[in-house]
Amino acid sequence: MPIFDKELPDLEAYKPEREEQPDFDSFWTATLDEARQHPVDARFEPVDALLSTVDVADVTYRGFGGDEIRGWFVTPHGADGPLPCVVEYIGYGGGRGLPHQWLLHASAGRAHFVMDTRGQRGGDTPDRDPYPTTPSYPGFMTMGVESPETYYYRRLMTDAVRAIDAARTHPLVDPAKIVVTGGSQGGGLALAAGGLASDVVGVISDVPFLTHYRRAVDVADDGPYPEIKWYLRDRRGRVEETFKTLSYFDGVNFAARCAGSGLISVGLLDNVCPPSTVYAAYHHYAGPKELRVWEYNKHEGGANYQQAEALRFLKDLLG
Amino acid sequence: MPIFDKELPDLEAYKPEREEQPDFDSFWTATLDEARQHPVDARFEPVDALLSTVDVADVTYRGFGGDEIRGWFVTPHGADGPLPCVVEYIGYGGGRGLPHQWLLHASAGRAHFVMDTRGQRGGDTPDRDPYPTTPSYPGFMTMGVESPETYYYRRLMTDAVRAIDAARTHPLVDPAKIVVTGGSQGGGLALAAGGLASDVVGVISDVPFLTHYRRAVDVADDGPYPEIKWYLRDRRGRVEETFKTLSYFDGVNFAARCAGSGLISVGLLDNVCPPSTVYAAYHHYAGPKELRVWEYNKHEGGANYQQAEALRFLKDLLG
Amino acid sequence: MPIFDKELPDLEAYKPEREEQPDFDSFWTATLDEARQHPVDARFEPVDALLSTVDVADVTYRGFGGDEIRGWFVTPHGADGPLPCVVEYIGYGGGRGLPHQWLLHASAGRAHFVMDTRGQRGGDTPDRDPYPTTPSYPGFMTMGVESPETYYYRRLMTDAVRAIDAARTHPLVDPAKIVVTGGSQGGGLALAAGGLASDVVGVISDVPFLTHYRRAVDVADDGPYPEIKWYLRDRRGRVEETFKTLSYFDGVNFAARCAGSGLISVGLLDNVCPPSTVYAAYHHYAGPKELRVWEYNKHEGGANYQQAEALRFLKDLLG
Amino acid sequence: MPIFDKELPDLEAYKPEREEQPDFDSFWTATLDEARQHPVDARFEPVDALLSTVDVADVTYRGFGGDEIRGWFVTPHGADGPLPCVVEYIGYGGGRGLPHQWLLHASAGRAHFVMDTRGQRGGDTPDRDPYPTTPSYPGFMTMGVESPETYYYRRLMTDAVRAIDAARTHPLVDPAKIVVTGGSQGGGLALAAGGLASDVVGVISDVPFLTHYRRAVDVADDGPYPEIKWYLRDRRGRVEETFKTLSYFDGVNFAARCAGSGLISVGLLDNVCPPSTVYAAYHHYAGPKELRVWEYNKHEGGANYQQAEALRFLKDLLG
Amino acid sequence: MPIFDKELPDLEAYKPEREEQPDFDSFWTATLDEARQHPVDARFEPVDALLSTVDVADVTYRGFGGDEIRGWFVTPHGADGPLPCVVEYIGYGGGRGLPHQWLLHASAGRAHFVMDTRGQRGGDTPDRDPYPTTPSYPGFMTMGVESPETYYYRRLMTDAVRAIDAARTHPLVDPAKIVVTGGSQGGGLALAAGGLASDVVGVISDVPFLTHYRRAVDVADDGPYPEIKWYLRDRRGRVEETFKTLSYFDGVNFAARCAGSGLISVGLLDNVCPPSTVYAAYHHYAGPKELRVWEYNKHEGGANYQQAEALRFLKDLLG
Amino acid sequence: MPIFDKELPDLEAYKPEREEQPDFDSFWTATLDEARQHPVDARFEPVDALLSTVDVADVTYRGFGGDEIRGWFVTPHGADGPLPCVVEYIGYGGGRGLPHQWLLHASAGRAHFVMDTRGQRGGDTPDRDPYPTTPSYPGFMTMGVESPETYYYRRLMTDAVRAIDAARTHPLVDPAKIVVTGGSQGGGLALAAGGLASDVVGVISDVPFLTHYRRAVDVADDGPYPEIKWYLRDRRGRVEETFKTLSYFDGVNFAARCAGSGLISVGLLDNVCPPSTVYAAYHHYAGPKELRVWEYNKHEGGANYQQAEALRFLKDLLG
């Protein structure tokens, strides 16, 4: 995998025009209003995960369309104060898995709310889809892409915003200290949630996916972006309509609405979420921000070293 | 690709026990009864496909759950007699495409009814799914596999039976002379339709898919069967339950219920629909039957030569 | 497969200098004169292909060197008027196959003459080669490339011109209404035939091969063009001599001699016949012309959608 | 990846003869005696890993040849009793990484000692090699394989035994409650340590590597075992001598010496550590034992589900 | 590449029935008689290859059909006695190349006659083919395979026998001391020449190709054998006819006619010329023989170590 | 493999700034001084390689750190005068192998000294490493790369210079007529030896490796350069330090110190040692020089044709 995207100096200057429809904000306001007509109804059932330094709860709350969304809520054992809360979203194809996978943030003394991903493997949340399932390329990138209303990520991004609402209902959570986080798809959701819930104080978005689709489709040759290309290969003639739909779900547009402190990371050899697409989002990010560049890494980015960055960033931000 | 399945003499003797639940027939009777509570409501709209030797109609009828299913109906231009009708199903991921792709059977003087595939690419029929979409491996092999009631192929196989019903409503069609046909997924659907609509006079099933799942998962290393393996990789502990669901949709069990004349084909180097899975279906096929073996072919099987076989078979069967 | 050739705006402006030897026209005049010293001697033997809306004949005629070339001739059943005739050439490695593969144009009311490809798989025409077979890379791209006289495509392109001559001898064919067509190698042959038989009224060339060799070798990484690179890898020192030979068979040069109406198609992600090589031919095409761009397609181009374009184009052109 | 190793019933009966030299025990007694002439000199330096529910120490102790070996020691914050201790070894190519990667066992209330891997990537421990480095295939499988004395794994397995000695020197550790664990290479080291330190009470060996080499080389087609094949490809004529060396480091032989309770896992489609090699070790395992079979998994085995099994196993064993 | 052919004990017992037509000998007698109607007309032109310890001549002689075949003839500088002569044939796709590639045997004090390969890359000998070139899979395995008379290897094997005749005309060559040699295709040609010219005193055949075709096609998954499978994939229905043609060119049948001392080598992991096909030839070899087994090698076999074996074998045989 | 590096006109103008530390020369002076404190102690043991036109000796001499280095010394049989001597270095992963592999230069009347490669496969020379082996990516590119003192190539390049010293001790060698040569890694070592032993009269460096590392890592996608990328992927944060170490071993810097006549070759499609890295070295080469460009070749470059070039170059240079 030799260098395949722009050279570093060009990346550092890369701030493309945003593709954004005039009704972007009204679309999302309407979408969230509709979701909030259902009470969030967050329930936290204690789970015995055979752990002793942390407490675990099995979470259910209501996301898009009032659908039941699952999650885990992990806190330091016996905590009683209001805690800052890290709300985490998960990478493409994954799910909430098992509680002992999510020890990092509670071990650092914070509440940790992990949202399951509807319909994706490795989780427990079905995607209750009230719409006809039009032909799409296997995978989620083009599920319902024929309109913003029916697109899969409309549902998932709404779930992501409602996860914040749900977390804030828990008595241990300090509602003023929410940070959203995630890598890849989770990083794209963190940008979306950070842009739509502009009162979160921090956004950690590692090697984010779901940004700057048009370039991503030209450059990425692994991971889910090519699903769009394959879809357009079959569905000849829907190019502009498709990119128009995608623009409502573009991290570049969400970044421009984020007010919290941002920590974004990028792998310069990432052929799944190419660096130019990440730089585009970073340069449009509206809040205070820092970028962590991993020079010779692909989509793994900083991996555990990036986690150390996140712990440091959270400590600086939240104490 | 060296030989990877059984040797030819072993294939010729291979008739494994069927995995079949006691309520197999009642499950399907109930399923079809339910579908037939919706009137089939077949509509045939003439289409100008810029062709002159054949007439084309755009078909809509009601399949599983009363959902609207699309298709093409192609007949020799100006035909007026009752014609034998070939009902065709399509391979995995495909769809009805455009009318001029379907000239073979009408050019041979028969009516040709091509069923679109709900939810798959290349077609125009959405999969209106009233059930929650539980996490599945991208693709259709495991969509709803947690129970026979929710499995994707329950809907698609019901559509296939209803396509016969729909074809029979057309005045040009001789309802006593229906032959079902298809290759790969289409071949699996032909076996299903032939077994569930036992009054069809012929079943042409080329390199059929959707048969003898348990062995298929062990042997196939390309095509859709591995989706089952990947699903079981994530969903540890659901092995028996999954194969139980699949048994309701197994071509081996449908073949044992087919009464029409059968023409089945197999590629001895087919690593998508391995020969042992096809021989298993062939050996259980209940009606008069012939097998066309393509010795050094993979999943392409006989391709255009198999089409010539089909024309010959149809002429022998229908005149 | 990310974008690997020029960006769209650069493609739209790409009209490279032609590499053309001064004796290009005299070379081809001499070649065709020599071929025409053999009577074309077209014979049309009726074949029972089990079809009823079309009539099929097994064609034999004399091509380059008087060699016997095979083909199919398909017409609407019982046609009696002079019909426009579509002369079709076939993609690399293929052959005339079986008659029922060729139903499209006769079903649209035209005569259809399908030329077999000498020496290639899937056909019935040997390449009677009176020259020593010098070492070449397996495949046809470098067979006899040491001189224009001995190059394989000299023989095949001459066959292509003679196929038009042969078609015109049939009483059902209107000799003033010949259109040549084909995809990939067939598209390259269509350009060649259209340039060398400038009285054909139409040229349909889909994702054409055999154009702008020098760039093709630099850019294509799949399909037959790399055979040239592999040959030059073994035959060090023959670079310029080889490209000089190829220039006599370059679709760019033929396009500049085409007078009929042209319909050319291109896939912007085609790594077999890269878009820059197709745009080069298109921009040099001398007759009235249109270009059909398939934005996210590889070498499959428009596939069945391109066929629909062709039917529309033929109707506009021929009525 | 279709089934490539023995079928399940054959695996369940597979207990091959051990390849074991008569001086196996004396070789290891001498090796460990020599290592123990260096004081273990375990030092535990507190580290601020920005975590609050657990305490972390950076460990240094003396392994083979008195070389300094690194590790992490993680305990529940503020623990004061004697705790059971899980000693963990790491997979091929990895290293101790960063402390926050190792939260599982301390979060379950136990001490966790993580041994770094000398010379492998991702860690901080060099392989101080006092011997000439004879030509080997890149990687560790054949480094010094010309004799048992010089083989890389002699040093690493000795380190693994000394890690137990080191852990026992910590005041928080209950020396009677040591469990060794690891996956892949770590699982092979756990078997080695469990066989050489027969007073450990438990051995958790997931998808173990370093067992039954001769068959492994015939069957594995991914991962490090093929390094042996590649070495023998270059070093023609050293086949028997090489397998003799490897026999001193074979998990089958160590398993036969394990007295603690064993939990072994296997993936039936694992082409890195093929199931027959794991069953061979399991069937020779001398202590009480259980096997966890992951039917459709490759080398990932049970992954997080296997961790849940381990927590359950540890609770049963240690309370 | 795990073990894919028979296990070693089965290989050591593997002596399949020969597939041999009754007119095998008369076919070859007629073929060679016909070739010998052309005088061999060997010419040896001195070449200045900038070498001093050996003398080089550029050879031309007449092979099959009297065609001019090229070669190199290399001898120790200033030799004057009658020398034993090693006649060498070359692997698939190669050719005689340049003289300084062929220093081994002359440096050991023998005459070395290297035959170029007609029509293949890397050489200088065209394949003057008087027959129509029927469609074949690119490559040589199926060129003219529709009959023994037209098959490519009839020409090449005749060239190989005539190379011996040509070598014997040189005054430096002791005609009673000819050894034929080669690897892969060259090894197959050595068996052919050794069987057809039964007065050669030695046959060195390394990892021979062109033996036991039917099994080779089932087992080989790299190299040229799959060309036969690909051909049969296109040319459905020619299976038995094709294997009948190939039987006239099968090293198993030639081996049964070899009287000279044989040295054969095999790589047990060779997926180009699988071990069972080599053992089949070895077990039918009629003369005194030895087999050199390279246990963990693929098609490279013994490489330079096998050359050392050859030097040793030649010294034992020839002094 | 389409064109992936700069276009030819850009290559012909490409002379990047050298990355060279101020103490480059003093580092090497100190390194060589230290090595020369050990007597070179070259021993030449006659070997019977079953050859008669050349004599072979098994060489041992002392290289870096006084370590014993092996080699072959091949001379025309019975030579007695002082001969020019070609000192040859070997490609990555290889070794001195067997004597009969090295016949070219002695057959051309020169002495030939072949240096084995310490620690690499295919040879007989261990890498006696007195330093701790810090974690590196498998392979040699990053072994000890944490400092110039510990880097593997410091030892190997010193061996290369000492090989010249050793050759000069042989009575048959004319010490004023040393030419260093090699391909790939051997070509990199030839540049190093030519730059550090500036009294050699010729440097033949084919498709050289070990030059212009920073660009090589960006462009090469096969061969050993990517080991550096993989190392930096794991060892985040060591980018500049690593390239600083590598600069002491960069062929660009050695080329600038070469005074002998240079023959350098390059393959324009070489993705192992990309053309821009070779042009960089060529343009900095200080002595008289010529470049041999192989236009359509990858890393094989000119292969046997390049050997012919070398024989011609040596004759011109040495007579």
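Observations
When the chains are written out, they are named A, B, C, D, E and F in that same order, and each has its own residue count from 1.
Definition applied: a contact is a pair of C-beta atoms (placed from the backbone, for glycine too) under 8 Å apart; a residue touches a chain by one contact, two chains touch by 3 or more.
Because the structure is a prediction, the values reported are computed rather than measured.
Touching chain E and chain F at once are the following chains: C, D.
For chain E, the chain whose average C-alpha position is most distant is A. Should one ask which of D-F and A-F has more C-beta pairs in contact, the pair is D-F. Of all chains, the one whose CA centroid is most distant from that of chain B is F.
Looking for a copy of the E-F interface in B-E, B-D or B-C, one arrives at B-C, which has over half of the same contact pairs by residue number.
Superposition angle, chain B onto chain D, using Cα atoms only: 120 degrees, a multiple of 5 between 0 and 180.
Once the centre of each chain is set as its mean CA position, chain C and chain F turn out to be 51 Å apart.
Taking each chain's centre as the mean of its C-alpha atoms, chain A lies 37 Å from chain D. If you average the CA atoms of chain C and of chain E, the two centres end up 40 Å from each other.
In chain C, the residues that touch at least two other chains are 305.
Of all possible chain pairs, those that touch are A-B, A-C, A-D, A-F, B-C, B-D, B-E, C-E, C-F, D-E, D-F, E-F.
Interface residues of chain C facing chain E in the complex, by the touch rule stated above, are 93, 95, 119-129, 132-140, 231, 234-235. Of all residues in chain A, only 1-3, 269, 294-298, 300, 302, 305 touch chain F in the complex they form.
Only residues 4, 217-221, 229, 232-233, 236, 239 of chain C touch chain F when the two sit together in their complex. Within the complex formed with chain C, the residues of chain B that make contact are 49-54, 76-77, 97-98, 100-101, 103-104, 106-109, 304-305, 307-308, 311-312, 315.
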